[in-house]
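Shared between the two complexes below is chain A, which has chain B as its partner in the first and chain C in the second.
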Partner chain A sequence: MDVRATGKSRSQRINIDYYRQKTWLTRSRGLLALAAGLAAVCYCLFVFAAGSASQLSTGPVAAAHASFESDCQQCHLDFTPIAGDSIRFASSKGLDRLEEACQQCHRVDHHFRSSMKPESAAIDQHCSGCHTDHLGRDNDMVNIASRKCTQCHSDLPKTCQAGVSIQVRPNVSEFTVEGHGTFAGLAKDDPGRVKFDHAQHMRPGQVDAGTKGGFTIAMLESNQREAYRKYVDGAAQADNSLVTLECDDCHQFAGQPGQKLVGDDEVGRHIAPIAFEQHCAACHSMNYRGRIGDMLPLPHAAPWKEVKVLLASKLVGSQLSGDIRMPRDAVRETPLVGEGQTQALPSPPTTNNENSTTKELNQAAIRAGLAATEKRCLQCHVAEDIDDESIAALRSGSEPPLIPERWLARGIYDHAAHRKVACAFCHADAYAKDEPAKDAKDDEVVMIGGIETCVGCHRSAESAVPETLTNQATKNLLGGQSNWASDACIECHRYHWERPQSPPAESQVVAMETPAP
Partner chain B sequence: MKLAIPWLASRGLFSSSFAPRNNAKSLLSPSERQLLFVMLAWMMFGLSSSVNAADWIGSESCASGTCHGGIAGRGPAWNSSYSLSRTRDPHSTSGALLYDDDSRRIVMALSPDATTELAYDVVLRQRCISCHLTATPDDVASTTPLEPEQVGDGVSCESCHGPAGAWKESHVLESWTGPMRFEPATGMLDTESIVGRADGCVRCHVGSRTADGMVRDMNHDLIAAGHPALRFDLLTFNDNMPNHWSASGAAEQKFSESSIRVRVVGRLIGSAAAATLSSERATASLAPAAATHVIAPWPELSDFDCFACHQSLSSRAYRLPKTVDGKPSLQVSDGLPLWNAWFTSLDTGKLDKEKLETGKEVDSVWKFRPKPGGQAQWVLEYQKLADSYRKRAIAEASAEIPSATATITLIRNNLNKRAPRDWHSAAAMYLELDAAARDMATDPKTKTFGTIIYKSLTEKVAPLLLFDVSQADANARSRSPKDFDPRDFRDKTIKILEDI
Partner chain C sequence: MVSAVLLNHGHSRLHLGFALPSLVLTVTGVGWWLWESVNAGTFVGGGSASGLACGIAAGLVIAFEMLLWPRKILRRLRLVPAKYWMAAHIWFGIASLPLAIAHCGLHLGGWLPTTLMVLFVLTIVSGLYGLAVQNILPRWMLWNLPAETIYNQIDYVAQLTVEDARKALLSSCGRRISSDKKSHADELPELVSTVGEPIIIGAIRGAGKTSGRSLVTATFRDTSADAEPLWTAFDEIQPYLLVGKNANTPVTSRAGETQYFQTLRGACGPDTEPVVAMLESFCVQRRQFDIQKTCHRWLHAWLPVHIALSVAVTVLLAMHIFTALKYL
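So, the complex of A and B:
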């Protein structure tokens, strides 16, 4: 059989007018078009009528940026994505626009960028590398995940250019004793230069147990008594009660000092610096030869020239008022037999009739007063801190205060956040020991607990409560505070330096790296 | 010691054969010689100072507002004792006045070569600061300028309370109570008992050549240079100290319950200190000049009644009252002055001099008159006298409170017999009457009489005893009672007492 295919047979294999035949698709296309049109209308209604902006954006901006949420061009260029995995039309332009927008308001300086390798510098270059928006109104853009920090700090030599001197621990991986290391501010010798005995001041009457002569409320000036009077079950201490100091008699909450890092002043509360007039003078007023009645004390931290003038005026004034006895003052309660009340008081020096004896005596007394005042200063201060030059520098702020305003120079501690915790939990050394000889001295020891004090609570969420926090004594110190808290870097550390008025040279930026003492 | 031992040996003090019969030293027994040697060693090497120099820590160690530098008038007295002491107490200015015109005159008279400030300070160190400042033997021996701080402090806390380094820590203990506080081992001096307080004063206000390892000798040279002679009276001095202690405390009760007793004990302790000083002066006069800062002459004229020699030579001054036996007393002008007339010239009253002197019926006027030579004997005689006074003072301090009215009656009777021999006798009588009147004024039964007597004595009798200090020029002031009239004193005193 001839089975050879013919052209006709071949052509007949395909229906030649197939295109004229209606399929289900052609039959229903009108319907589909209508449905699509309706769907489009519904979507448009959904997007525009129902106000669902999520269909047009990656998400609501954070509350801080809400005012320009509907003005995308504040931060973005049209059709210019910023994400690294986007189809790139002009990605660097989109990112640059966003950086420009951020820095319009957030004038912060870079973070040792000049010391970084290019890939790390690129991270530092772009805010959005760490701060992600469009994650909702409540998104805390500052609450940076610890991995953002450890991506560099877990291996700083990898991050930094060759030859850069790394002044911080080069490998911080987590907030544990091993992973973080000792607090830098506590690793050095005590930078405080004021001699002070916390333990002695914490004892009732500021005297040791078994001793007498405690300081009482009555010994204070009348206008100071209420400030130091304590109330026990609503009953006020009597005037003859011992003055019992609590930590907050001298240490009050204040803003974060040394605002070099962005956000320092926003985070919690620090402790206000100690001021002599406010915290010491009630018991330790500066007097030459003690104090009688309403004689004014000498001002604290006054230049010596001023002290001399004040001593002179105080001496002569007090002599004339009878508060201080004058040399050769022969006034006696009971006259001596023979001598009697025979000698007149030397007259004070005047411009026209200067009494050389009085002048000599007073000059000697002033010299002695200056020497005695200096000795009084040295009870709390060291000699190099009390010359005129040092006093002027301290008063002007050109020298750091004698008691550092901030001990944890690289971290931020929020006293307010820890207000339930007893002071003794972190400052155990400041408290009196059973034996006074064992008391830690304030100018020798920094009385701040190290990282060991923190890591018990500030630990990963998965870790168990350490045994050290489970005993009742510790619970009492915690005062009901939760025994877990975040261990994120951002709890204590900030990243950006404040941008100076005029941009610093690179060398200046690096200089700021040196922590405050 | 290398220098001293040969010298002492040369004087025979180590030899048992050292006893020529016609020499005062021959009277010394071996034990007495031993005592004399020890005293001499003290004088030369300051061995009497057992205090550690580091224990002198300065008054600033007391000055904290929480300790003794508190505000006067608030809180307990101890809290403001430093403030009161340093502002109101004359001791606080005793250093500053070393630089005034009067002091410069005195120093110039003593050491005309001290024309520079450093030389002036060195003279002050050697002659003045042992009393005028709270000083140590090292301060006295130094040749550097005086520290202003030390000068400004004057006589401060540790002068009277003892070097505080030894007891600063322990004196705040609750167990620090009672007499144990003043045991020698503690280093704190007794300022609470009458005897203890008087002992503290007399180291300077009478003098000593060994206490605290320093020389505090108000000798004739210093008085001649212009320093007032010392006339210690515990009751007066205590009055003039601003109370930097609790006046109502138990310790002060002994001072407030009997003025007579305070005055008697004070005078006895003063007498004991004067006798000890005389003994030490005798000892010092035996030492080589190089061993002491100041050459010690013998007899030391300041041991005796100043006014016996320093008196007017007018005939009026010789109108001396007759004694009971009709003969004029030779105690004033015959060149044989009384030893320490301020303490011993007592005509009557509780402090009869003959009872004070070892119980022997001897006339101190003659026994202790100045005689050249024989110092070794005098060293012991004066020390015996001092011991006798001291025993008596201790007995009087705890004896029954003397009767004020009996004292007044006794003095009135004696005045009726005769006028006081001299200014010193009158002054002693006045002080006894003054003490008796004070005691009467504090007794509700005799308050009215006591107050009147006290006021009358103060206003009418005390002026009679005043020295002539009318000269404006300090150099011209005589500081002697050249116009004192014993009969006027007797008449006015008797009138006051009899009017009552």
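So, the complex of A and C:
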């Protein structure tokens, strides 16, 4: 009777068939399993019947693709892998389908695919390999990890077919001086052919400090004065004030439509090309003064024949209107006292000899005007660039512009994103030094800081702030801009070119010299 | 809990035989996935080679886990001892979770994969809970519930106990003498006096043609003088012995029980002590039955949940495989 009875005594007090008796446990086990199985099957049937993409999708598509989120077949082909990480299992059929689907909207060209080995070409064709969707509405599908680039660019010979001439650095592993190398656009001499002295132009009056004869507001073309007049504490400069140029007097933010890289035409990304009429004419006008009272505005980069005609027309017209008198012209143009206005003035003597002399004089004046104009041209240009043939080639665009539109042609530098940073941070050589002016070398040296200027801020998140960025002078130049920025390839480079109407020869796209590593 | 399983020398050899392969499987799969993710710069998902391999491995494990069910149904075939099945079920089941997480690339996705993953995690968690309580509670019960019996026999044993108490009272103090019971003299067994005779504790039990009977006997002294308080006590504790803690009796609480039997002993003579002690032991037994019921729920209530979740996971897994292959 003790509760601590033996097991045998306890077992003798239970029914032998106790195991046949169902308890709540056995009953609920079966019922719950049945209910769960039925619920799961019903859910599957619902998914099939409703065809709801949100049920099957691995996540919401990006906002740009939201309009066809429920239409899986826009991108997917049944039982054909196209997911970003399924490239090993992707068939050419699936890749073709995906590329075709993407190209319906995104008209971008491939990336040297014909030069790649088949496995690398598949990577190039596999859009979702880089642009992963189904990661939420806010997913930035063009924010590509650098590893996507370095999987090929860290060892390009492995990626390219045998015999392909690699015209870029073959081993770019990271954005450091060692891992990336010098910017290709800076590794060679400046292709620009315009003589210009940034330092001189940045000085007040464009003369050395303490030197008289500086350029004043009054000396500018009258219609350009307001553009260069500065305001100090709200007060406008007087006309006799020295012209003081700032960088943005000549360099304004602008996109560059017509470039090959996708995204190049975003406004603010680039600096607009220099235009003579907009940025130079205020001081360097082509107005020929000579012996003519009024100035003669000559068009910039006009053929010499046109310039000659304009000079001649001005000369002859001025003679006819009585505005100018040629040498040995004895004809009175105004009546003497007492002659009265009713008496016609005597016509000038016209002999063949005299006509011949006048013509020669006019031609001499035209030649003088042309010479003066050419002299003005040669202030900024070299002689080879101002003959009619060169001018025609430049105007037609068959020759590259005398001032390159871009020096860092392979990458994108977003000036607008760096607007807080002082121009001197990257273009220190363009600023006036305390030393006396020397012969300008601006057309020989690219005044853009190299990769060393960039890697201070654009570094890996784990690296420490370099000492060069910690001193006050540098902080002032940064203007409050953060001293860290991403070092991702996508910050400066684009993978795709805009798709041309007809396929371009790839040599046109990559016709650049390989920079020295 | 897991270490408790492995550190038990009696189990270590059995469990290590499955724990090590499952560890190798997990480390290999997850390691490969991590390596591929590091190279890709992001957590690769189920479409990658490593992610797909992890997914296939996890799916096969789930299928294997579900084989425990038919194995139990077909246990008469004796398909490998159950302990091996259970060890493999535990260790490969645990391994399947990191493999599944690697497969999904730390990304839940749409409702179907999310539902599948959530249910799968709940299944693993419920299994781990079951593993824990199955390793902890039985030991505690072994030491603290000596009166433990088979769960579904608790009510039956309680009825036997009441019968035993009644017989003991008849044997020790004879029939009850309260006037309100006299009219039922022919119906109530306690009115049949067996004072001084040995009584048989237990009852005939049988199932089909098989039957047995306990042979435990007991003899009590004559305590007829205390018949009234003893029968009163019987009447008062009987509901508790039958239904346990839900009965409203003086002995339902442990403190009340102690005080009640202390009072009963004071009201009765010294010869009644064996009878009173027996009644008190019956109450202690009943209290242990109540605790056993609670422990039983803790021990086994997870299993229906675990099985139901497993069934749902299996169905959704099949759906996931189909849709993933279709829209990979």
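As a working rule, the second predicted complex is superposed on the first by the 382 of 517 C-alpha atoms of A that agree within 3 Å, B and C clash if a C-alpha of one lies under 4 Å from a C-alpha of the other, contacts with A are read in each partner's own complex, and residues count from 1 in each chain.
Assume a residue touches a chain if its C-beta (ideal position, glycine included) is under 8 Å from a C-beta of that chain, and two chains touch if they have at least 3 such contacts.
Not measured: the values here are computed from a predicted model.
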Looking at A:N287, would you say it contacts chain B, chain C, both, or neither? Reply first, second, both or neither. first
If we overlay the two complexes on their shared chain A, which of chain B and chain C does A:R13 touch? Say first, second, both or neither. second
Touching A:S318 in the superposition: chain B (first), chain C (second), both, neither? first
Partner chain(s) touched by A:A35 [first = chain B, second = chain C, both, neither]: second
In the overlay, answer first, second, both or neither for which of chain B and chain C A:K212 touches. first
Chain A positions touched by chain B in one structure and by chain C in the second: none
Applying the document's contact rule, which stretches of chain A touch chain B when the two form their complex? 206-208, 210-213, 215-216, 218-222, 283-285, 287, 289-293, 318, 323-329, 332-340, 342-343, 356-357, 360-361, 363-365, 367-372, 375-376, 379
For the complex, give me every residue of chain C touching chain A. 39-42, 44-45, 47-49, 51-52, 105, 107-113, 115, 146-147, 149-153, 156-157, 160, 164, 168, 201-203, 205-208, 210-212, 214, 216, 218, 278, 281-282, 284-285, 288, 300-301, 303-305, 307-309, 311-312, 314-316, 319, 323, 325-328
Mind listing the chain B positions that touch chain A in their complex? 58, 60, 63-76, 78-80, 82-90, 92-93, 95-102, 147-149, 151-153, 172-176, 228, 231, 233, 235-236, 239-240, 423, 427, 430-431, 462-463, 465-467, 469, 479, 481
In the complex formed with chain C, which residues of chain A make contact? 1-5, 9-10, 12-18, 20-21, 23, 25, 28-29, 31-33, 35-37, 39-41, 43-44, 47, 52-59, 72, 76, 78-86, 88-89, 132, 134-135, 145-148
